[in-house]
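In what follows, chain A forms one complex with chain B and a second complex with chain C.
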Partner chain A sequence: MKVDLINLTKKFMGITAVSSINLDIKDGEFVAFLGPSGCGKTTTLLMISGIYKPTTGDILFEGERVNHFPPKDRDIGMVFQSYALYPHMTVYQNLVFSLMLKRRPKDEMKAEAKRVADIMGIGTLLNRKPGQLSGGQQQRVALGRALIKQPKLLLFDEPLSNLDARLRISMRGEIKKLQNNLGITSIYVTHDQIEAMTMADRIAVIKDGILQAYTVPEELHDKPKTLFIAEFIGNPPMNLFEVKLLSEKGSLYADLGKGVKIGIPKTRTPKDTQKGVIKMGIRPQDLHAGKDKGIKTVIELVEPMGRDDLIVCQLGDKDIHFLTDPGLKLKTGNRINILPDMEKSQFFEIETGKSLLWA
Partner chain B sequence: MKINKLFTKSFPYILLIILTLPIILGYLWIVITTFSTRIYGLIPVDQSGNYFRGLTLSNWTFLTDKTKTLNVSIWLLTFNTLIIAVGLTVGVVLISMMAGYALSRIKFPGRKPFLSLTLILHSFPSVTLLIAIYFVLRWIARIPILGRGIPIIGGFGYNTLGGVILVSIALQLPLGIWLMKGFFDNVSWDLERAALIDGCSRWRTWWQIMVPQIMPGIAALSIFSFMEGWKSFLIPYSFMTSHARATLSTLLNEMMSESSPTDYGTLAAVGLFQLLPIIIFYLFTQKYLLNIFSGGVKGTA
Partner chain C sequence: MGKETEEIRKIKPGRPDWFWFLFPSLLLIVLFFFLPIVITLIISGTNMSSTTGFHAWKWVGLNNFRKIAILPETADHFWLTVKYVAVTLAFFNIGMALVVSIITTHISRGTGFFFRALWLLPRITPTVTYVMMWKFLGANAPYGVFNQLIIQPLGLAPQNWVAASSFLFIVLVNGYIGASFGMIIFTSAIEAIPKDITIASLVDGASMLQRIRYVILPYIKWPLLFVTTYQTLSLMTSFEQIMVLTDGQFNTEVWSLWAYHKALQNYWGNFQWGFGNALAAVLVVVGIILGIIYLRYFKFNELVQDPKIESL
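What follows is the complex of A and B.
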């Protein structure tokens, strides 16, 4: 189902929780709302579900304005962080509750319960109460309860936050696969950028109730439009530090202090080179340890991360983190040369946080 | 060392025994008195003063004869008491369940002032309200049918069981509403949202999803209200004048304030008779009653 949010705004007693959000979701698309806690993701989702009424702005389903529709008339299923299963009902009763309210015949309820129980792998749990299930099982039941209605839109509010790390990763893949197979338009709220990056077709980054960007994951990662996005997306986080722009013989350099200068390639020339001091960003995976070329420095710390080693050292007077192959067996105190891949560098205006490359 | 440990372990028990001794002796006295012609300390004696003699059931004849004091059957009084207790319980629980939900979940103008007002009302001694309530009940009594034309409870006016129930409910409501609000506050919002999305109306969400979560609270409030109604004295005594509408509490009071010498044997027997249901009830329900004090839904995951 196609969904449009138009100037969607929600105020709570004068405090703006969601501020004029505009975005469109295509039929069958998997969209993530990503942002730190308290940024208005849940509020937006609850407006889409019809629990909250927008203060101003519109919500369109298939082009039809649904602002005044009660939740039950919106053809949606929702999965909550707290699972929100009905504690006094069995798993079976939880699953078929929405069908029961629609007075569907018993056989149909049985058949539908079996269908979703098979999809979610909870067939053996039907007679248990939610209190007798593990967190992962409860979340499966909650997902089943949302699916049994065959909704046109699925809403997820941080559904994996209460699960342990390992389960989170496997459920991540499972939900993604499920959404792909069923083709149900989905909105997935999370504060975990890895979840958003791995699952979503498009990501809406929200900060303080304001939509920062709405685009595909690769673009968020490679072409962050604001400093906030650059800081928020990517793991380990991007190195960000202030540099002075220098222009010598027609070439542009970034001055990192202590006489360290790095050439900026033509493709990454910041808009408005007169700025002087700007913020430079480079991801830990875009710095490499060179043999003899590169900037000389000393390793201050090595953090093994399994597949990579995270190295901390100084470049000019800036602290830098970067990833290397553990096979190099680098140790604290080793002298190395660093080659930054400046074709991957980012530049931002300090005052506004706007990108000087993409904004 | 060992003795020291024994002492610290037994000390709380010794202290509690000493503190509860007066109450225990009191109950013991009541029980023994009801089966004795006379009593000397805690020892039954007969007319001529012999110890451990004079055991009798004559104090319990009020169960079959009309009570001497009020000249009505004790069973009618028990019935009246039961009606008041049940009426109070049903009224308080129903209204508190709805009001508590509204106050916990719905934003409406005057919500905060209402909450503080009920709290103030709760701490208001009901004695100060008696005269005002008297006039209100006299006024209600003049309303046709509603005043004094309803079977069993009589109506809601002065000198009816319904009137007493009405007033008792009003006085009990602040506690009930706050208690229910507290229990509802502890139920997650998501549960309610899930129900709304599943297709429940607000009303159905309340009844089928929310109320089952606060059953421990409802049980506690029911028991508490029932006991309040069963033992209530001031309101029935003030607003029901005819003997046929007395309760067990008012009977006890009449017996004590009679001009002829008080028959302590019968008085104790009636007292015990009133107490027994409470004790039995309490034994079976104390686990729910404790919820009032822990004040929350446990294990709702």
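What follows is the complex of A and C.
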């Protein structure tokens, strides 16, 4: 189902929680709302589900304005971080609750329960109470309860945040696959950028109720429009530090202090080169340990992360993190040379946080 | 649990530590709950009255209870009490309390708070003042508010409504106060229902009535049981409002008021302490039996089952 949010705004007693959000969701698309806690993701979701009425702005389903439709008339299914299963009902009763409220025949309820129980692999749990299930099982039941209504729109509010790390990764894939197979338009709220990056077709980054960017994951990662996006997306996080722009003989350099200067390639020339001091960003995977070329420095700390080692060292007077192959067997105190891949560097205006490359 | 704790217990000499932990409340319970019951039961086995005084009384065994069983008015007092407790409980202490708490938790917080505060007024008004207001409301012309404002303007015959609808009045007077107790408890229980559960039920398509039936009532099952039990017992045993309103006239002599009249206040000045205590003892026994039935019926022990943490 195609969904449009137009100038969507929600105020609670004069305090703006969601500020004039505009975005469109295509039929069958999987969209993530990504942002730190308290940025207005849940509020936006609850307006889409019909629990909250927008203060101003419109919500369109298939082009039709649904602002005043109650939740039950919106063809939606919802999954919560807290699972929100009815604790006094069995799994079966939880699954068929929406059908029971509509007084559907017993046979239909049984058949439908079997259908979603098969999809979710919870057929053996039907007679249990939610209190007797693990978190992962409860979330499967909650998903089943959302699916049984054959919704046109699925709303997820941080559904995996209460699960342990392993389960989170496997459920992540499972939800993505399920959404792909069923083709149900989905909105997935999360504060976890890895979840958003791995699952979503498009990501809406929200900060303080304001939409920062709405685009595909690769673009958020490679062409962050604001400092906030650059800091928020990517793991380990991007190195960010203030540098002075120097222009010598027609070439541009970033001065990192202590006499360390790095050349900026033509393709990455910041828009306003007169700025003087700006923020430079470079991702940990875009710095490499060179043999003899590069900037000389000493390793201050090595954090083995399994596939990579995370190295901390000084570049000029800045602390910098980068990833290396554990096969290099680098140790604290080793002298190394660092080669930054400046073709991947980012530059931002300090006052506004706007990108000097993409904004 | 198990071995380790037992070993620790063995090491400590003297009284088990739980004894001192419970001692203050045990003392209170024994002094103010258990002893009075024992004294009631003892006196109910005597013919003690203001004629015999505290010295000339005799043991009469179960005679007082035999007398209760054969007195013709016993059945009247009994059925009146049953009717009074059941009606007040169903329509006010539970029914009205539920309605008020559901409504006031589904309107704006401030408004809800205001209406609940309104319901609390009679509870903080002195009983006599509160009951006198009801008396004036229903009093005969030319005083009664009801007569002056509604009956006479309509051209109908004024009368003493407290006397004419005595049962209704004792139910209203007690119910209006009693409802606020359940209201406070139900309100906090309803407000404790997780927000996500409410949202889930709305998304599932539940109407207000369906939400009450399938979500709210199951969620407040235990508070419901508690209020039912507690209010049954307190309606059975408290009589001060009725005493001030009618003093048992117009067929409002409920069992507890009967006991009070027999033991401590009657026209002939002979206070039949023995007989009155036998009446009270009947209340105690019925109360205990009812309590046990409630606990069994609502499976109260589920409420106090072992903590779940260890079985997770």
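FYI, the second predicted complex is superposed on the first by the 359 of 359 C-alpha atoms of A that agree within 3 Å, B and C clash if a C-alpha of one lies under 4 Å from a C-alpha of the other, contacts with A are read in each partner's own complex, and residues count from 1 in each chain.
Operating definition for what follows: contacts are C-beta pairs under 8 Å (C-beta built on N, C-alpha and C of every residue); 3 or more make two chains touch, one makes a residue touch a chain.
Being a predicted model, the structure only gives us computed values, none of them experimental.
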Fit-or-clash call for chain B and chain C when the two complexes are aligned on chain A: clash
Chain B versus chain C as contact partner of A:Ile76, first or second or both or neither: both
Contacts of A:Pro340 with chain B and chain C, given as first, second, both or neither: neither
Chain B versus chain C as contact partner of A:His88, first or second or both or neither: both
Partner chain(s) touched by A:Pro130 [first = chain B, second = chain C, both, neither]: first
Shared chain A surface residues [contacts with chain B and with chain C]: 46, 49-51, 70-72, 76-78, 80-82, 84-86, 88, 97-98, 101-102, 131, 145, 149
Of chain A, residues touching chain B in the complex: 46, 49-51, 70-72, 76-78, 80-82, 84-88, 97-98, 101-102, 130-131, 138, 145, 149
Residues of chain A that touch chain C when the two form their complex: 46, 49-51, 70-72, 76-78, 80-82, 84-86, 88, 97-98, 101-102, 131, 145, 149
Residues of chain C defined as touching chain A within the complex: 194, 196-197, 199-207, 210, 214-215, 218-219, 221, 308
Contact set on chain B toward chain A in their complex: 188, 190-191, 193-200, 204, 209, 212-213, 299-301
